[in-house]
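Quick heads-up: structures coming right below.
Across the two complexes that follow, subunit A remains constant while its partner is subunit B and subsequently subunit C.
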Partner chain A sequence: MTQEELNNLTVNKSVDARGTACPGPLLEAKKSIGTIASGEIMEVLSADEGTKRDIPKWANKKGNEYLGTVEESGYFKIYLKKG
Partner chain B sequence: MENIEKQIKELQEKVSLLEKVTKDQLSIVVFSGELDKLLAALIIATGATAMDMKVKLFFTFWASAALRDKKKKVTGKDFMSKMFGIMLPKGSSKVKLSKMNMGGMGTSMMKNLMKKKNVASLEEMLTTAGELGVEINVCEMSMDLMGIKKEELIDYPHLNICGVATFLVDAEESKIQLFI
Partner chain C sequence: MAKLCMGLFSGSLDKLTAAGVILSGAAADDMDVEVFVLLQGARAFIKGNEDKIDNLAEASHLKDEFISSLERIKVSTWYEFFEMAKDLTNVKIYICSLAGKIWGGEKLEDFNDLVDDICGIGEYLTSAEEADIHMFI
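Let's turn to the complex of A and B:
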């Protein structure tokens, strides 16, 4: 997905994990993905550069779709679609 | 033809046996009693729960002391146990870095840095691990050697005292086994 498409997504659940370091964002993501339905979109906000690589790997293992990442100043917005 | 069918059946049996043996499970021998190594073990352990893995930590030797509760007092220890008790760190908040401890200065600097960078403390990590269902098995022999009593261990929801056989069975069933 392009950056513009990602920014225009309707997000069903937003998780702000900017206050935690590894493995915080992953644990937050795991907790929150359970609260949305299959096909819905989740956004994870993280200030941790490692999360950018971690979340796609995690999503892949869990059967969720990684849509892309948008870089903001000082943090990342990572988009997922629940499988 | 019959021969092939027989071979397929045999293979199927073998595969189903393999599936039974390995679970989506992680086993870690937590041996070291230093802050950095304990943190590594707990980050991997809690991270694995996010992958829906079952996690079993086998605490032995120096790591056992990190499970002591600083608020709990026990009586009736013999001389050697008392001496060990004084020399070993009293719980997860008292463990030191394996490098650059510098008489405790390095450790406290690291703790401040961790706070600043939003890295969870070892105590917080243990609480999180408990909430996520990480199992902690403590080696009975290590506790006995170091004079650590069951009554002085932290209140952890999934804590058992066990021996090497427990670890071996858990490790055999696990996809990943680590020694830290």
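Let's turn to the complex of A and C:
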């Protein structure tokens, strides 16, 4: 998806994990993905560089779809669709 | 579901923290986890000892920097990591009976709430044999 498409997604759940280092964002994502339904969208906000690789790999492995990442100033947003 | 077997020999703050981070990753992945706590590790699991662990296995002269950095970047304590992992996935923590005795822990009630049971070395090796991933820390 393009950055514009990602920014225009309707997000069902937003998880702000910017205050935590690895493995905090991954754990927050794991806890929150269980609260949304299949096909719904979750965004994870993180400032931890390792998360950029960690969450997409985790998401795909667990049967969810990694849609893309949007860079913001000092943090980034990762978009996932629950499988 | 993948199974992780961990031999936790070390009871130092740095290695307990590393073990906690790895357990968190295993929890995110819904792994079945068995931790076998050996020798030095068992001291950290004696009831009341969880906050008394402040030695490092590596670079002990940098202990103050290590501890202050963990606080600055808001890293959970080793105990919190273990608790979170147990909340999220099937994590069993077993104390080697010999290790427990060394530090004055003979029965399950001598250990903190993380601990599920006391076991012998045979169970550890069987778990390692059956696991998809085996780590020794």
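FYI, the second predicted complex is superposed on the first by the 83 of 83 C-alpha atoms of A that agree within 3 Å, B and C clash if a C-alpha of one lies under 4 Å from a C-alpha of the other, contacts with A are read in each partner's own complex, and residues count from 1 in each chain.
As a working rule, contacts are C-beta pairs under 8 Å (C-beta built on N, C-alpha and C of every residue); 3 or more make two chains touch, one makes a residue touch a chain.
Not measured: the values here are computed from a predicted model.
**Q** Looking at A:Gly50 after the superposition, I want to know if it touches subunit B, subunit C, both of them or none. Which is it: first, second, both, neither?
**A** neither
**Q** Contact-wise, after the overlay, does A:Ala29 reach subunit B, subunit C, both or neither (first, second, both, neither)?
**A** both
**Q** Once the structures are superposed on A, label A:Gly19 by its partner contacts, choosing first (subunit B), second (subunit C), both or neither.
**A** After superposing on A, A:Gly19 lies in contact with both subunit B and subunit C.
**Q** In the overlaid three-chain picture, which partner chain does A:Gly83 touch, first (subunit B) or second (subunit C), both, or neither?
**A** neither
**Q** Which partner does A:Lys61 contact after superposing on A: first (subunit B), second (subunit C), both, neither?
**A** A:Lys61 sits against subunit B and subunit C alike.
**Q** Output the subunit A positions appearing in both contact lists, the one against subunit B and the one against subunit C.
**A** 19-24, 26-27, 29-30, 58, 61-62
**Q** Enumerate the contact residues on subunit C facing subunit A in the complex.
**A** Against subunit A, subunit C makes touches at 21, 24-25, 27-30, 73-76, 84, 88.
**Q** Within the complex, which stretch of subunit A touches subunit B?
**A** 19-24, 26-27, 29-30, 58, 61-62
**Q** Enumerate the contact residues on subunit A facing subunit C in the complex.
**A** 19-24, 26-27, 29-31, 58, 61-62
**Q** Which part of subunit B faces subunit A closely enough to touch in the complex?
**A** Result: residues 43, 46-47, 49-52, 117-120, 128, 132 of subunit B touch subunit A.
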